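Worksheet for the structure shown next.
In order of appearance the chains are A, B, C and D, and numbering begins at 1 in each one.
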Amino acid sequence: MKTAGLVLILVSAAAGAETHRLKPTSGHQTFAVRPPILTVKPGDVLESESLWGDWYERDGGKWPGEVGPIAIAGAQPGDTLVVEILKVLPNRDTAISTQGLNFGALVPDSGTAMLNETFPRGRFVWRLDRRAMTGTLDMPKSRIRSITVPLAPMLGRVAVAPEGEEAFDGLWPGRFGGNMDTPDVREGTTVYLPVFHDGALFYFGDGHALQGDGEVCGSGLETSMEVAFRFGLVKGKAIRWPRLEDATHIMVAGSARPLSDALRIAFVELIGWLVADHGFDKAEAYQLVSQVATARVANMVDPNYTVVAKFPKKFLPPK
Amino acid sequence: MKTAGLVLILVSAAAGAETHRLKPTSGHQTFAVRPPILTVKPGDVLESESLWGDWYERDGGKWPGEVGPIAIAGAQPGDTLVVEILKVLPNRDTAISTQGLNFGALVPDSGTAMLNETFPRGRFVWRLDRRAMTGTLDMPKSRIRSITVPLAPMLGRVAVAPEGEEAFDGLWPGRFGGNMDTPDVREGTTVYLPVFHDGALFYFGDGHALQGDGEVCGSGLETSMEVAFRFGLVKGKAIRWPRLEDATHIMVAGSARPLSDALRIAFVELIGWLVADHGFDKAEAYQLVSQVATARVANMVDPNYTVVAKFPKKFLPPK
Amino acid sequence: MKTAGLVLILVSAAAGAETHRLKPTSGHQTFAVRPPILTVKPGDVLESESLWGDWYERDGGKWPGEVGPIAIAGAQPGDTLVVEILKVLPNRDTAISTQGLNFGALVPDSGTAMLNETFPRGRFVWRLDRRAMTGTLDMPKSRIRSITVPLAPMLGRVAVAPEGEEAFDGLWPGRFGGNMDTPDVREGTTVYLPVFHDGALFYFGDGHALQGDGEVCGSGLETSMEVAFRFGLVKGKAIRWPRLEDATHIMVAGSARPLSDALRIAFVELIGWLVADHGFDKAEAYQLVSQVATARVANMVDPNYTVVAKFPKKFLPPK
Amino acid sequence: MKTAGLVLILVSAAAGAETHRLKPTSGHQTFAVRPPILTVKPGDVLESESLWGDWYERDGGKWPGEVGPIAIAGAQPGDTLVVEILKVLPNRDTAISTQGLNFGALVPDSGTAMLNETFPRGRFVWRLDRRAMTGTLDMPKSRIRSITVPLAPMLGRVAVAPEGEEAFDGLWPGRFGGNMDTPDVREGTTVYLPVFHDGALFYFGDGHALQGDGEVCGSGLETSMEVAFRFGLVKGKAIRWPRLEDATHIMVAGSARPLSDALRIAFVELIGWLVADHGFDKAEAYQLVSQVATARVANMVDPNYTVVAKFPKKFLPPK
């Protein structure tokens, strides 16, 4: 099991790590406390897939929901769940993207209500070439006629059960993770989530073969994914918001409306992290972050918007 | 003179292009209509420098203002000014960054008023190594003690005189460009600005040797810069918001509060650009942009916030 | 039973209306689907009280939660629940208001995170004179020393169970009503709520003896209330957002962040209501609303902010 | 001259107050420093009228601009200008309101850009009965056919020249006052504006015979007004934002985007005012304001939105 390295140091791994194979047949529409469909130990690997369903087959079809919950044995409120993403790969030859009507960053939606006529509904079928790792879209009304772009597979949703008795529709991101819709949740990234309930109760789903910043039309190249996760726990260490780590950056994902508040959460938590775990003075961390950190607008379409603040690991002090 | 290539095709260049050398001695605090300090022709090159002054020498010092206005002969309302950035290089060995009190993305400011105590004022002196192109900051209160980071020089402010009789303090970005504070305004980038007045009346200043996304503390590594620009005109073609182009991307810089509206402007204009100049259908452009465009939060501290939407040139149709 | 008059015309009332007396002993922390604690018929009256508890007794005490759910027999998804508020009267001689730390419109909160020091925690005990209907606060640090103000009792929270499987903490307002925190939910007002589940599953609580617009410090004069409601149903008529009606106005309560979006929801729904039920042309309704409607910022502190748009009933056409 | 009473105590009035009559023939499109068209003394009364022009006569006509600047002798930066509004009365029999396209709270605008089709342009001619003080609108497409409503005349714009060299289009409200578009600027109200330049340089215009909260369609019942002002000065006392006072309330008008920030400015300044001038402790003022203050959303359509926070004068301590 990967140690979380510079970031979170006390990751417990039970002896005798196992690999679990899970073939999900149905999902859940909300992130909530429910009996787990599987229990794994820290150190265990889960190989599974995200759900395909009616939504992908026809306009107006029902969303298949998220897979889970998976209980992680020993996880308790106040711990941090560690999810290493070992694999996210499309397992179909098509991906779907829908746009228009009342969902999207550039049209009125259920939050930003307006009197105007809505934007016309569109449903686009992308052909995936899984060997070349490209997606192709016919654009019959455009001079270019067709476009082929490289894929960058990711998972829109990784979550634990939310705090208390709350239950949020699968469209929501928040402190529990959820529908953060950030391209940073991809193979090679480790996600840290706060644990609010015994077992943590992990959910995943909503694969995107590709997605631009902000997910402005409201969807990526939606398809099902082969996935593999390795789970870990940081006992007795609570985090307020989801954190991510890849080869080059440590990151915080803040989710809120308006967008400025999502950015504020991400940066304030990032600075707090540098202070708490890396020996930075708060004012000096604020200065350094202002010069070297980057920000990604992950989504500006979900009930909360998500901004990811990123700090280069090369500027962390040696341990 | 570089043709604007894929982007804006009719750039006029007068015969007999000249190179002008300008040593500015004072600046202006607002972007406004004023008699030009120099008139150049399309195709001409301007070599100059941004202003150093009291602000850089002591906390509370007066801002030296921006250099300009430079008139571009033949520019008329409804044209587009083309500014190729040939050089942006620090010409000092120090850069200054200030933070705290009532300016910054993570503290109350004159816009987001609060009852809390303000964050303490900080003034940081970065040492620049212009050969290695690095900046070094002492961090005496942090475990790391000192940090050295690579520079990425940029200009915070490039502007034309705003529309009508309006005059905006140098802190403002807007349709006229201004204090967009985006790292994308760097050597190798071409900036397109709408022309609102005869001669366009170009201003520049506010060099940053480095700046993170959002400029969250309210300043970058502020220093003076050697600069060179080549000017061009697109006659009879109006743009609504500043556009940028570099080797890999075409971009639109939207400036507004709140941050979501800056992003909306940038993406809506980008999609409009693809439709108007590159033969895309609007709905298909919306779909493609949603999957391949990226967004930079340039600043979240100025009177308007700035978001830059970026589209990869490799996905434009051949001409 | 009051007919909803100009607003919603088909209110069914079962024969044999009863009056129920309910003495609640515990509450719930979330608005959610749960087995009802009582079932009433349309036309029935419920006399009850909101909960007092530890929160009111000491700083940091636990919130007693909301009373409910009450099932209304015959209510089905797609109906509208009608709640006439017959009584809201304080039943204690004290009210509590807390402020500061990370909750409130004028300080950073869990949404609007900042680096500043937080505002000091304050807890204020108001003395209520229920005969004179006034509240008195000692202000020992102010020249005025003490202030006595007239009361205007209201309920912060009236709700149905939210749509689908979602469950929101008691702090949330939304389409289901909830913690709208508007002084308009008072004796004499009729509240209309969309029904998402069989029985509607009505909750109430959070009495305020008085509250200013925006509830800017995060709380009103919090106390327990004697309440009485008469329930009705509009069968087969769905509304999107809570509506209110009193002697002079019809109103819509929109809840969202940012504040502008709450206002947009309230006005767009109000205009839609005028069009659907009162024979107004959409553009003409937009014009008239713009000249005669008022808006109340009900709360700017909860997870969603609430704005109430109000249209004078005297400008409705005769039926 | 009215003393500002409880609010601002040192109002200087020159001996020999005069009444000036000004018949304006043209206006200005920006609030800016310009040579005054008239100079008055503190204590003097100005009787004049706001401008009628092409904008009122035909769709797409040019806005006549604002009247001014009027210099107030002796006004210096750091003083407060006092403007008692003695009269605001329509002097025409018609008023115009336009809506739709890209201006308004409920449609995309130049700030909140969207991809949707815009809302259709509408231009409405209201007939004014100046004896009955009512306005009548034909509503041929609505069941009600016609509506008659009481007038409440106000001035959309009262301003001083903005700080420094800045110049803002007449659509802007800000610290200098300007297009606050609040029904509170009416006969009987006293407006306090910060002085940034010698003579203050007062402007007025944009009469509304009636306007709803938020001015959501983008205009009120626009018409020309007979006006009368009495000017005063508070020497050596600076205010940050416009203040208003009428028979019952002291008020602060905050102007910013987003709307939440306009509200924050108004309330933070109001609390600061109670602390500075009325002997309130800051935390106690925060508490009292939270329970007894009201807020008006004045406009949600201008480049800055305006919120007016109102505190009842009856709760001020005796002097």
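Observations, loosely collected:
Heads up, the rule we're going with is that a contact is a pair of C-beta atoms (placed from the backbone, for glycine too) under 8 Å apart; a residue touches a chain by one contact, two chains touch by 3 or more.
As the structure is a computational prediction, the values presented were derived from the model and not from experiment.
A count of C-beta contacts for the chain pairs C-D and A-D puts C-D on top. The geometric centre of chain A is 48 Å away from that of chain D, both derived from CA atoms. As a whole-number value, the distance joining the C-alpha centres of chain A and chain C reads 35 Å. Look at where the CA atoms of chain C average out and do the same for chain D: the two points lie 32 Å apart.
Contact of a single residue of chain D with at least two other chains is seen at positions 106, 112-115, 119, 258, 264, 268, 271, 286. Taken chain by chain, the contacts link every pair, so each chain touches all the others. Those residues of chain D that touch chain C in the complex are listed here as 97, 99-100, 105-106, 119-120, 122, 124, 135, 137, 139, 141-144, 147, 149, 210-221, 258-260, 263-264, 267-268, 271, 278-281, 283-297, 300, 305, 307, 315-317. Interface residues of chain A, counted against chain D in their complex, comprise 106-108, 112-119, 258.
Interface of chain A with chain C (complex): residues 28-30, 32, 111-115, 164-169, 254, 256-258, 261, 264-265, 268-269, 271, 282, 286.
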